[in-house]
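Notes follow once the structure below has been shown.
Letters are used for the chains, namely A, B, C and D, taken in the order the chains are written, and counting of residues starts over at 1 for each.
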């Protein structure tokens, strides 16, 4: 079992005829993803990588079975594209757009909550179940990073995820499902909301959390563990331990303000429920070995 | 058991210090209603009929148990008052306001659906369980009309309800619960949505529907009966049998247009599922006797 | 409140929806200035609220000045009491679309209705070819999203530039729908021109009367009503419908008044006017009777069964109205509800014979109208 | 983008929120005209984006002309580089309220924050007396309802006329919050005056940069930034923070750059500047290095691990930057990700010694900064 997607998940690509859309659709298929169709308004009748292109999501779902939608849509049109996917009953949506307006992001998350859907992103590399499928743009071809295995990873970052995942793999592990919830101040889905899926997944032995200063998402994960809703080993790597207060360092919204959102607080929260926080990316692998008794 | 309210239902009155609010609060209490408190912004600390007045619904529900709210609020402020009640978790709301803007009414109904609440009205006399409780302004003191019994009544009208109910009583019956959904084009709750409550009510033997030309609410009730969701005897009285097409006769929205909404269609729909439609108010009692084998 | 075409188009233009060049005229004298603006050919469109203006010959396509003057004069002189004509540029039409927005009371949403067969009545189409009607539902809080505009456009078979222009018109129409508290906003037909422009060929806009307090662009003037009595009652807020029978209804409660209307028809009577003075108008008996007396009816029938609208207050009103207006025809009363005993005492004191049963009152009125005793 | 107080108040006034009489001046010469408008006493408010202006002595209450001129001259001459002063009428204050609107990312709602203790920092209050903080959540689609404005007012203990005026201000503040795509809009303090008026004493407005395409009221000028490098990088859209250590970071990926920052501190190094040229900026190596070179740093540390941001493109950029800018300090590179083999060949060809491990690269940079071999 994988989280969010596997090789059977039927994926629609919104914005498939754009340069980015075409390029990554090709790669997603190369990675094993079951891309069933694409959407670009006004381009119905075209094909991309052999997949039919439709004018609208509604027309696509009339013709094809669709379980998830991958958005390659500019930030200012992302809200509309997410609403369109939700309106057609799609419950898994990934948007990589970097630069979604804050007020749009709030409406996106609200709509997702209302529909009981998972919207992953924006400002993310997406979601990958290594060896099975990918939605987004992960460098799955870098084998020392995207090796299949039994560790779940959740992250706000792109490059840092490559860095940390490489260390996980170096320590002898691999990845079940990697979910990049994205670096925006209001991600569509929060870390803690993904934990139940990892908890229920037989193929995930432990979860690595790649977080950073600012916000409260890491504390929410600690709360899930405290409440017994997540019981597997949890290792975190958190960027911004030495960040000075009041500076926006890292992703938008990553700021320590009024003593809130500091990495220090997050470390306390995670350690208080038996989680481990690695000071350096390299230590993530060491802690996994320790917690998994290897 | 009564539908919507009985003598135990804890009722809040929004707009309690207004002239209408005071007058009918007095009468509601006189009728047996368990009015627990009132709300008028700026009037906290006052009392009406011995009940505490609060600034806001939120402050009222902090102090008192509240199950239902009765609104004596002008039409232009009704949306706000309904939202306020819904926000405090109140799931039964009656608004008598006559003149709620159409676009407000749409938002009111949408909010009610979203919250799983019953908003009764606007433009209604309200709800009465004769002998037990009332929310609204029924002339419960007219004994040849508001006699307790085992017939459920749903209506869009005020005066016509008095007329028809008097005939029901004259025929030897009484009323369990009378729900006035109101005469507006977009009532908060539709006839068909009340039928499951009458179906489940042991004390209701049959339902009388007082409808009129226009809209599709009577047809929706027929559909409920066809689908087996309502199985008790159903007698309808429908105003506007002889209304000419294209004229707005009766309540706002009561218009036959493009052949739709005619009483003829409604009669066909109801009779096709075994319901009876009385040509004159007087016949309602006769049909009840027939269907109930009396 | 239903607006005239020219007013609907004013609203369209304010919201950025293209309309053909046009000028409103009130006499043939103004035709020259108008046709200078629109050029020929042009269309003369009588500004009346009735439907089916085309079929009734109230819209004329004219090719030149001479024809325009002749037809314009005909329209102003017609049976339909045409006061205003919209002189409009004739557009080169490639195709026509039906487009409207209204509310769906069941789903509690705004509803866009569209059809690729423009120009025809949507009600007719609903009967004959319902599968051609496109519906798109809009959440009243989040409003319309661009994908919904495109959904409608694609279902209409539009593409490319026309798709984009249509979507833009739809978005603007939705803005106008909300901003005007519209019951209905309609463009039928919406033209797709030879130049692939999207232009409103006609316009309907009906504004919710309950929103008057926040919508006061247009004053309720006489021209919106078919009769003086309808106009005057509208100003009073008294629901009134004009018929041409013998019995003036002066009843309280929309449902009850409609029922009395039915009962009169069952009994073979005819209605002169429908008038409802219940609810907020229950103290307006004098004004209500005055409106009834404008008709050449043979009897006034008063039926009420009120709650807040107290029977005694209504009875007092009736008596006051009789004293002041000295009606020239009999009055039948059947007043029930709160304080009905007091009401009937008042009526009797005034020499009336109050009845207590609606059907009995109806039969009495029908009998009087047929020449029977009062 | 954080606006100055005087700009936030411009927005308030546009939205109908009362503010004290005021005039913006850029020199002591303009003081006369300003005080003619405001009268005495008045307040001189230095227009700087930093918090705690009051404590820093940048806000001065003055009673007469002489004092005003003296204090004004002091402010313009102060260490803080004051360019603009808002001269504002002194209001008779009865009480002060804290009021702001921001977003709640968990609930996906807009969030009103209010407190009856105005003037203090809300963050401080959150630590010391969290029970005093009032929160009201607003659905982003349906928007604020009057009952929610009243809820906040009543929780603040307001009543009567002040309650109504406060509710009105809150409603207008919410309109401004939405219309401006604000991250935060704040009035602290909101004055309740002796005349029971409700007036914005201060104003903060921070506009979401991702909304620039639909929010372009204010241009990003130099005055919004502390340093030239920060201003220039902002124009480029390159995230940049100014520090005063030895090592210039030129990394890709917000998370990775922050991690490198941490690692340098762990190793005893100091950072000269934080610069992130990942994502859309990954081809801007020349511009990025130029910004780094503005600092008196001892070494430039390049760490990347990219996907779309291809390693070979970045490496080419670094080499081009070296060729064009001829940097006067060593450059340590650790470039991984898509096409990393090609990237490292490019770096080697240019005479660099590419590293493959972040920690190794960090140690190398710290060593160079401490005087070690490049």
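Here, a contact is a pair of C-beta atoms (placed from the backbone, for glycine too) under 8 Å apart; a residue touches a chain by one contact, two chains touch by 3 or more.
None of the values given here were measured: they were computed from a predicted structure.
Undergrad: Which chains, if any, touch subunit C and subunit D both?
TA: Chains touching both subunit C and subunit D: A, B.
Undergrad: Would you identify the chain whose Cα-based centre sits farthest away from the centre of subunit B?
TA: It is D.
Undergrad: Where are there more C-beta contacts: A-C or A-D?
TA: A-D
Undergrad: Please compute the C-alpha centroid of subunit A, do the same for subunit C, then give the distance between them in whole Å.
TA: 55
Undergrad: Based only on mean CA positions, could you tell me how far subunit A sits from subunit B in angstrom?
TA: 49
Undergrad: What whole-number Å value describes the gap between the mean CA coordinates of subunit B and subunit C?
TA: 28
Undergrad: Residues touching two or more other chains, restricted to subunit B: which are they?
TA: Residues 107.
Undergrad: Counting only residues that touch at least 2 other chains, which ones in subunit C make the list?
TA: 139, 141-142
Undergrad: Viewed as a graph of touching chains, is the assembly arranged as a line, ring, star, complete set, or other?
TA: other
Undergrad: Could you list each pair of chains that touch one another?
TA: Between chains, contact exists in these pairs: A-C, A-D, B-C, B-D, C-D.
Undergrad: Please name which positions on subunit D make contact with subunit A in the complex.
TA: 103, 105-106, 108-110, 121-124, 126-127, 139-141, 178, 181, 183, 208-211, 213-214, 241, 251-259, 261-263, 265-266, 274, 278-280, 304-309, 336-338, 340, 358-359
Undergrad: In the complex formed with subunit D, which residues of subunit C make contact?
TA: Against subunit D, the touching part of subunit C is residues 139, 141-143.
Undergrad: Which of the residues in subunit C come into contact with subunit A in the complex?
TA: Residues of subunit C touching subunit A: 142, 145-148, 150-151, 154, 159-160, 163.
Undergrad: State the interface residues of subunit B toward subunit D in the complex, per the touch definition above.
TA: Within the complex, subunit B touches subunit D at residues 41-42, 44, 55-59, 77, 79-81, 83-84, 87, 107, 111.
Undergrad: Using the touch definition up top, name the residues of subunit A that touch subunit D in the complex.
TA: My answer: residues 75-76, 98-103, 106-107, 109-110, 113, 125, 137-139, 141-142, 155-163, 166, 183, 185-187, 190, 210, 212-213, 215-216, 220, 237, 239-243, 247-254, 257-260, 279-282.
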